[in-house]
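The chains carry the letters A, B and C, assigned in the order they are written, with residues numbered from 1 in each.
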Amino acid sequence: MSNQAVLFDVPGPKAKRRILVFNVLGGLFVLGILAVAVNGLAEKDQFEAAKWTPFLEWSTWQFTLLPGLLATLQAAGVAVLTSIAFGLLFGFGRLSGVAPLRWVCDVVVEFFRAVPVLLMMIFLYQFFAKSTPMEASNAPFAAVVVALTLYNGSVIAELVRSGVFGLPKGQREAGLAIGLTPAQSLRSIEIPQALVAMLPALLGQFVVILKDSALGYIIGYTDLLANAQRFGAGAGNMLPSLLVAAAIFILINMLLTFTAQRLSRLLGARAGKLLQREDAIDPEGVEAPVK
Amino acid sequence: MGGFFALFEGYDVVAAFWMNIQLAFWAAIGSLVLGTVLAVMRISPIASLRWFGTAYVNIFRNTPLTIIMVFSVLGLWGQLQVNFVNDFDLNFFMLAILSLSLYHAAFVCEAIRSGVNTVPLGQAEAARSIGLSFLPAAWLIILPQAFRGAIAPLGNVLIALVKNTTVAAAASVAEASGLMKTMIEFRPDVMTQIFLTFAIGFVVIVIPIGLLTTWASKKLAVAR
Amino acid sequence: MRKTRYAAVAFAAAAALTMSACGGDSGTDAGGEDTGSSDTITIGIKFDQPGVGFMENNEPSGFDVDVAKYVANELGYSEDQIEWKETPSAQRENVLENGEVDMIFASYSITDERKQRVAFAGPYFIAGQDLLVNADNNDINGPEDLNGKVLCSVTGSTSAQKIADTQPDVNLLEQGGYANCVTAMQGGQVDAVTTDDIILAGLASTDANSGKFKVVGNTFTEEQYGVGISQDSDQCEAINTAIRTMVEDGSWEEAIMANTEGADYSYNDELNPPEPAACA
């Protein structure tokens, strides 16, 4: 946030005092809310040691949280790969010179971007378990991966397309001028640049995949959230278990977001110019993709 | 297929969708207000507010919505005994709106910040040069332009919000995804038709929002 | 009372189980170091119902599990020859039909609809829908006392709806699991939780909940828990004999007591222990 100070003058002695007062008031306000919440939860014994000590035991991590995390990462990892494949396939399809192919890809992408992932998971789970020869115990995993792929693949397809459309017109014109066909220009000039430009957004999409994989617990996929809830059921510490699960999710996702930001800065020379105005007030803020 | 249509006499699909639309409507307002406040915090001169805004966005953006939803039911209502209204079902409806607002406010904040990025430096400098302090400068000069530049990302947040209302089933709200689950379990023979009915319902809601925001973002874009 | 011993054998078998569960392959490598016979038997249970069918630290526990172990033992399988597999309600018929599991002990009610696709041995227990309330709550003794009260059950469950149909003023809360309901009841916001009595008793008897809740003991439905087997299985008679033996030698009673201790629960002794039905 190097250029942020343009919104306000460098504070003088009076403003500095005022800012200090606001700092203290703001801090007290936040602490006050936290205190009320903590106090209320403490009254309900949510902070008694017995509810939290299980998380200090290795067996809790060994048999419950880590296997759950592994399952979450497995589902998310596979979904990342299949989403990229799906996204590239349909992204290129939408750029195709063949009109019917373009239309089909448009319809597929727009449809799956509009349908809630949870709806797809619930349906696919029942579908895989009941209408396919797939082993029923594999149905939750398959449903999670396919649902995540259809949605996030469609988002990536859109990223590919908008990445190409976002390139300066001159790139395509130059390609055509040196005698390339439109398809050749797309393949060897525009798409490579678009892929570089979309990398940070793509990484942001991985956060969405990881987070959405948590919906899998609703259809019985034994991921981190499911295992945490199961543990909470047995040990009578549902809220602490959920908090620990949430903390793990936040940690991993922040790591991914951080990587995305670093990457976009690394690619800054190339991607930055394509994505952001140079005179932006907050040039470092990577526009976070929404789910 | 005859049995398929008879199925709709036993289940009120329209009422379930209406629930999703209501959730989305109120949560959209809630998250827009909260998100704007957070965005102002994040560009403000006061360090503690900036820090709070950043922490808020990092926490809520990276937590799965279902955890927030379950937590507001079990924590806010179940332990802290937060009751907004006496009506039982309405109270859970409001808890669901609260969860949706808290979650999507983080994305609204980032969308507005990306809108702030489209405002040229000169605007902020001009605001300062005519003597505006931070709040008036943000409110009168920066935010109006930022909103116009943020319509497309805000539209994406709204679309995500509409779809995420399906997670409200975790807060005991009778909405579309829960109804679809019940219907599929009851009539697995027509599950594909049931799924397509609900899916198309969401397509019908979501695609116009997408078209509208695309149109609006072009129409209202600040010409530079 | 939950047993917390970490026998080395169970440990090894369990570790192997996680691997196969995570990888999703149903290989028969999870038997551990078996003694003598190399056969294993795959038994489907719930993994998420404390006191009935629960998997914690890779050790299964609960009433269903105890019955399953006993029956398997009578059929000639020692404990380390059992491969435990999670069978959520929605999957039970499928996994029996395609042979993923040999038997299911998962609070599996015998119904005519299910008999179209699978066969049942038993019943080994007759459960009934009941209410769980705070231990100091003497106002709620049955569904008729629920008007104006908050009743919690799992999302999409028919048991809560049944009560709502006769008690129009009951406030229904739907949650992802019964443990969520119990958490909210502990916070003082839920008055009663409803499902089968043995499931409620199991929840209330965990170490953390012991003594805090009670099962009302006024069952108003009849659920016959059977052993799910595939329709071409020839084990039905043998399983029934094992169940009879278990009842006769007292192990059945012992299993119920051990898994519901601290829940202020006694099973419906007019219906239990049940006589296994004749095999089809």
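Basically, contacts are C-beta pairs under 8 Å (C-beta built on N, C-alpha and C of every residue); 3 or more make two chains touch, one makes a residue touch a chain.
Not measured: the values here are computed from a predicted model.
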Q) Relative to chain B, which chain has the most distant C-alpha mean position? A) C
(Q) When contacts are scored as defined above, which chain pair ends up with more C-beta pairs, A-C or B-C? (A) A-C
(Q) Centroid of chain A to centroid of chain B, CA atoms only: how many Å? (A) 16
**Q.** Centre-to-centre distance between chain C and chain A (centres being mean Cα positions), rounded to whole Å
**A.** 38
Q. Roughly how many whole angstrom separate the Cα centroids of chain B and chain C?
A. 40
Q) Multi-chain contacts in chain A: which residues touch at least two other chains? A) 44, 126, 130, 217-218, 238-239
Q: Scan chain C for residues touching two or more other chains and write them down.
A: 90, 176, 180, 183, 187-188
Q: Indicate the residues of chain B shared as contacts by at least two other chains.
A: 70, 74, 79, 81, 169-170, 181, 185
Q) Along chain C, where are the residues that touch chain B in the complex? A) 90, 150, 155-156, 171-176, 180, 183-184, 187-190
Q: Note which residues of chain B are touching chain C in the complex, please.
A: 70, 73-74, 77-79, 81, 88-89, 92, 169-170, 172, 178, 181-182, 185
Q) If you look only at chain C, which of its residues touch chain A in the complex? A) 2, 14, 18, 21-22, 24, 26, 47-48, 50, 54-58, 85-88, 90-91, 94-95, 98, 100, 176-180, 182-183, 186-188, 203, 206-209
Q) Which residues of chain B touch chain A in the complex? A) 43-49, 52, 58-59, 61-67, 70-71, 74-75, 79-81, 107, 110-111, 113-114, 116-121, 124-125, 128, 133-134, 137-138, 142, 153, 156-157, 159-160, 163-164, 166-167, 169-170, 176-177, 180-181, 184-185, 188, 191-192, 194-195, 198-199, 202-203, 206-207, 210
Q. Considering the complex alone, what residue numbers of chain A touch chain C?
A. 44, 50-51, 59-60, 62-64, 67, 70-71, 74, 125-126, 129-130, 133, 135-139, 141, 217-218, 220, 222, 229-239
